[in-house]
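Reviewing the structure listed below.
We call the chains A, B, C and D, going by the order they appear; numbering starts again at 1 in every chain.
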Amino acid sequence: MTQGGVEGAMTRAKEGAMTGTMAIAAHLFSVPAYEQEAQAVLPPAIWAYLSGGAMSETTLGANRESWERLQLVPRRLQALTGGHTRLELWGKTYEHPIWLAPVAHQQLFHAEAELASAQGAGATQTPMLVSSFANRRLEDIAAHSSAPLWFQLYWQGSRAASLALIRRAESAGYQAIVLTVDAPHMGIRDRERASGFQLAADCLAVNLEYSPIRPVPEPGRHPLFDGLFALAPVWEDVVWLKSQTSLPVVLKGILHPADAQQAVQLGVDGLIVSNHGGRVMDGCITPMDALPALRAVTPELYPLFLDSGIRRGSEVVKALALGATAVMVGRPYVYGLAVAGALGVAHVVQLLREELEVTMGQCGCASLQAVRQLTVLD
Amino acid sequence: MTQGGVEGAMTRAKEGAMTGTMAIAAHLFSVPAYEQEAQAVLPPAIWAYLSGGAMSETTLGANRESWERLQLVPRRLQALTGGHTRLELWGKTYEHPIWLAPVAHQQLFHAEAELASAQGAGATQTPMLVSSFANRRLEDIAAHSSAPLWFQLYWQGSRAASLALIRRAESAGYQAIVLTVDAPHMGIRDRERASGFQLAADCLAVNLEYSPIRPVPEPGRHPLFDGLFALAPVWEDVVWLKSQTSLPVVLKGILHPADAQQAVQLGVDGLIVSNHGGRVMDGCITPMDALPALRAVTPELYPLFLDSGIRRGSEVVKALALGATAVMVGRPYVYGLAVAGALGVAHVVQLLREELEVTMGQCGCASLQAVRQLTVLD
Amino acid sequence: MTQGGVEGAMTRAKEGAMTGTMAIAAHLFSVPAYEQEAQAVLPPAIWAYLSGGAMSETTLGANRESWERLQLVPRRLQALTGGHTRLELWGKTYEHPIWLAPVAHQQLFHAEAELASAQGAGATQTPMLVSSFANRRLEDIAAHSSAPLWFQLYWQGSRAASLALIRRAESAGYQAIVLTVDAPHMGIRDRERASGFQLAADCLAVNLEYSPIRPVPEPGRHPLFDGLFALAPVWEDVVWLKSQTSLPVVLKGILHPADAQQAVQLGVDGLIVSNHGGRVMDGCITPMDALPALRAVTPELYPLFLDSGIRRGSEVVKALALGATAVMVGRPYVYGLAVAGALGVAHVVQLLREELEVTMGQCGCASLQAVRQLTVLD
Amino acid sequence: MTQGGVEGAMTRAKEGAMTGTMAIAAHLFSVPAYEQEAQAVLPPAIWAYLSGGAMSETTLGANRESWERLQLVPRRLQALTGGHTRLELWGKTYEHPIWLAPVAHQQLFHAEAELASAQGAGATQTPMLVSSFANRRLEDIAAHSSAPLWFQLYWQGSRAASLALIRRAESAGYQAIVLTVDAPHMGIRDRERASGFQLAADCLAVNLEYSPIRPVPEPGRHPLFDGLFALAPVWEDVVWLKSQTSLPVVLKGILHPADAQQAVQLGVDGLIVSNHGGRVMDGCITPMDALPALRAVTPELYPLFLDSGIRRGSEVVKALALGATAVMVGRPYVYGLAVAGALGVAHVVQLLREELEVTMGQCGCASLQAVRQLTVLD
């Protein structure tokens, strides 16, 4: 499917949504509907991998509950004409604040993998964060999409290996480097283990120099602290990273105000407030609960992206009212990818955006700046 | 069925309720019982339309939960003789504080549509708010009812079109104009969409000059902000509206204290604290949670009506104890309408009123003024 | 069954409970177990009458939830030898603080009706409050029991009719008069109505001069406020009542601190903090939530009895730690009555008392005075 | 099975967990998984005894809920190399802070009883607290294990009988005396009673001089307060105990800050904050809720062990962040014992330890000292 094809299909689908005819099944009118459909089309083990969370999944559940319990206090009778959802960031304009979070191994969900997601992103003018664990080459993804792309970097255990990836991302036109800092260990996911999930042999992290095997420490040293954990980045690596690239550098996974302050002091360009969708650590604070304190200790317009648990456009309004610059969604667009490839990705973004716009209008907000002035009750 | 007939039937039903014989099924002794019966008699898609709420229905659920979690602290050993449920408003006396909220397209629920509801209202001396989307002519509804009628106005996109409706309402004897301000978009209702609900071809908004189609903005402009949302009223329209009619003007859907203050300053005569029964916006504050702050910023006896989620007379007591002047119910009387037409509407009002009176007595309150002094704990 | 017989059976049952043999079914080891058994042996409509609550039963549920959510902070390593559960009240000593609340129409549950309950009370040295709606004569009940009896008075609509009952109670040796003040209307109980419950023709309030029919007010007057509610007592009646009897006068149903203060000022001898087991008013504060404020405004040792929702001896500890003088149970002993008559009543009291004593020991308390010093967290 | 055998099996199992082959069933990857398996392999009455709690099990449930509702606020980008889980206590070093709580009658769960548990403890360098109600001789248990052993003392009703046990423990090399102070009565466990659970005749408390029968007080004295409760220790016994042994003395079951302060003043060496796993008293504060206040009134490094409700390594992190020195688990290792004997015990400890280490890394903690600085939200 060409990109123009996706855009054309999206235009038709969008018009369809307004006139009663749609290119895709009429019952797919929300992220929860896509979620149900994705569960039906994916093999059970892949579904367990996609939908599951760490250990007892208390954080997975808390992420959802946190957004659902918030209440917005709408304003009335405001002028809405001329309204829009645009935002400015680092000198660029983005059409809307619902972006695609990095998701690994998208070949699990659709044969076109990240290429399809990037096409869907392009069709909806949606920035996409491409994972280090993509199954397609960074350069190919960039070539298939008109979307702004950011590169998500898992620290490669050394500065040299990390830098090689950064240089490729820069050359391919990626517009920011996002260092994930919340996953020295990828998480203990019970549901996934119970399902017997295994990565298929042809599901390769094609952008990485080496297989991500677990390192074996020297005898007498600790298998985790001196093994896997020793490959994780530290603050000094962030300083080094800033010195190596002129692209904006963003940290993904910051939740503690002191870490946010340190990042600002080191010149980090933005933060993604995230608990990795509840996939990595169980018992972790939710981004919703963390956000107000982070906004309180960072400069007024400092970029704070919110990731984890958003399933509705109304929840995007809540996140922005709490102080987020924009939000990122992960599983939602993968549901779309699994169900309908690039078109599904684009449709999911469009659905969330429509929910966002409708909720903005219902709250009397003609701009994201107005949204940020809304009162929200916990 | 003539109005006298309804009143007679109500009198017989009411006597029946006290002596053991009833004109209608004995198990219909509460709003929840009517709700269950209505679900049984209505086609599934119409039931989904009636009972469903916006998106994930978190606000629909929160509305109910908010009333159920409140606790009244009753007073004892008060003189109850001579007690009543009357209230004075704008020089008129009303028998009780349980009024009928505007509900569109009542032909969906009963062949006699708004005529039946108005008959039931008349039989129980209950003010009824007639929707802009009524399926019967304003004038015919007024002719069929002895109830006080208020006209609910959806802004018609222009002052001229809106004024035409107001003039008709004035001529037909409607006693107040209620401008709905919470629905620049009517809401994204998943349950309703999943049901395949469609308005039948003969279910017409007979009072409106034009079909309420979605306007198409000029190319390059935003389909919602410069389309549908551009038809919504703004504060200047409220000022204009006040200048055009000598009837009291009420705003329906105010939830933010600043909006309440502005309404008071502009001379608006009363407010309906409502989130539209959870049908329009998901993630919205409940009227119960909003009411105390609105009462705090408005004059002592300023009319604040409470709408959304009330299903019991005991909850009417809670609403008044929190500061409401009167409450409005929507779905409850439509359940009655669906089950038994005018008689059902009247019976539902009567049941709620009996629950109100019994709870007042149990709380030591012989008047609504006493109710407003009650302590209520959240 | 003679009283001695019940006492003997109780002694055997109690010894059985400690040695492994019991006179009654071994699985009846708690109030919840008796509750399940009572549901099995009673006709469904009588079960609905017994177990149901007002309207949506939110208060019925809140009563239970309130006790379950409290947490006691136990003390350790205290001397327990010589411990007991005795309390002094108005110059008399009572063996334990778990008393029998007034329950109407006990013939519904057992052929021996109040006589059996009074026997069970006597066998366990448990004060029993006898309802105005007893199906056995006050004098006969007194003759069948060695328990301290209090007379529960529903105001009889006039001072003369009320006084006649009081005089009979005094003559029969009742030791206190308990005026119920929370039921100008007996409550709207949906579950009971749905069950089709009707009092059997031979289930008579044999102590009352007239049938408790609903009075019909004069035309044009309010059917409730000028009818049933006009029969309810007022504060002046309390003053009169105090002047007519030398017995202690207790008010049942006080929940508001201001009412408690007024009662103290009028010389009322004690209060039962109760919401009538959630049977009368839905949406009412729970006694647990009300108790601390009532204790705060009454003299230190002023008798405050706690009624509604207690199902465990551990919850008796919680109630006393919050400030109660003693507790009353209603449905629990009726479960015992329904299952095994007098023996069942005695066994239920014994089970609760054992749970109380065990919990006292676990909290380091050798007396009820020590219990009242315990810390309890909400 | 020899100890070396268990250690070898554990090493193989541990390597297996990392390479994809395991000596035990692959689905046993968490305590909840072991719990489910244990229920499948144990007779229902023994399962009821093991898993059940006091009365209505509200405290049993609250224990779990308390840990699940806490949220950790992780730190990022910290150096993890060289990290470990060691702690120092009374001059000794322990490898990790997940210890084995005392559990009675382990023959119920596995033929090798406490010998197997002690082997599993030894294989994982885990301190084990041996119950007074062990089914194997203290000396034999010590001979079968390389683990540090502490002796849990139920007061034997007299100082002489208690001292005899202490002397045996000292001689056998036990390293601390743990006096349980929360069980003057062992609890009223409904689920256990409903199951018909009885100790088998050959399930003997082989270390005790006499059968733990219920003492019969003199006639006229209270069966509990002057009977069983009279055998419980008091503060003076603690003073005496400290004077009799040079081993550290620990009190198990302290929950009130005033008791903690008294213990510190009397020279008690440490406290186990525990509600006995919800088995003894229903309606008791959870250790999680109690811990912060106890930490606040005790010296900074005073040993406070946390017992009750821990099922995940992430919850160990929470407990230490709240102020615990180490945690103890009871039922979890018994699940392992029931499923796979010594190997199961060792595997359960290993699973919890891996979860602990992974969560530490995810929180940026390379030591338990760092864990104790973490922010945790309730």
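The rule we apply is simple: contacts are C-beta pairs under 8 Å (C-beta built on N, C-alpha and C of every residue); 3 or more make two chains touch, one makes a residue touch a chain.
The shown structure was predicted, so the numbers you read here are calculated from the model rather than taken from an experiment.
Visitor: Going only through chains that touch each other, how many steps at minimum separate chain B from chain D?
Guide: Step count on the best path from chain B to chain D: 2.
Visitor: Chain A-chain B contact: same residues or different, taking over half shared as same?
Guide: Counting shared over all numbers used gives less than one half: different.
Visitor: Compute the distance, rounded to whole Å, between the mean C-alpha positions of chain A and chain C.
Guide: A distance of 59 Å separates the two centres.
Visitor: State, to the nearest whole Å, the distance from the C-alpha centre of chain C to the C-alpha centre of chain D.
Guide: Roughly 42 Å separates the two chain centres.
Visitor: Please tell me the distance, in whole Å, between the geometric centres of chain A and chain D computed from their C-alpha atoms.
Guide: Chain centres of chain A and chain D, defined by C-alpha means, are spaced 42 Å apart.
Visitor: Multi-chain contacts only, two chains or more: what residues does chain C have there?
Guide: Answer for chain C, listing residues that touch two or more other chains: there are none.
Visitor: Hey, which chains are touching each other here?
Guide: A-B, A-D, B-C, C-D
Visitor: Show which residues of chain D lie in contact with chain C when the two form their complex.
Guide: Of all residues in chain D, those touching chain C are 55-56, 58-59, 62, 181-185, 187-188, 190, 193-194, 214, 222-226, 228-230, 232-235, 237-238, 251, 253-256, 258-259, 280-286, 289-290.
Visitor: Show me the residue ranges of chain D that touch chain A in the complex, using the header's touch definition.
Guide: Per the touch definition, chain D meets chain A at residues 18, 27, 29-30, 32-33, 68, 70-84, 311-312, 314-315, 317-318, 354-355, 357-359, 361-363, 366, 375, 377.
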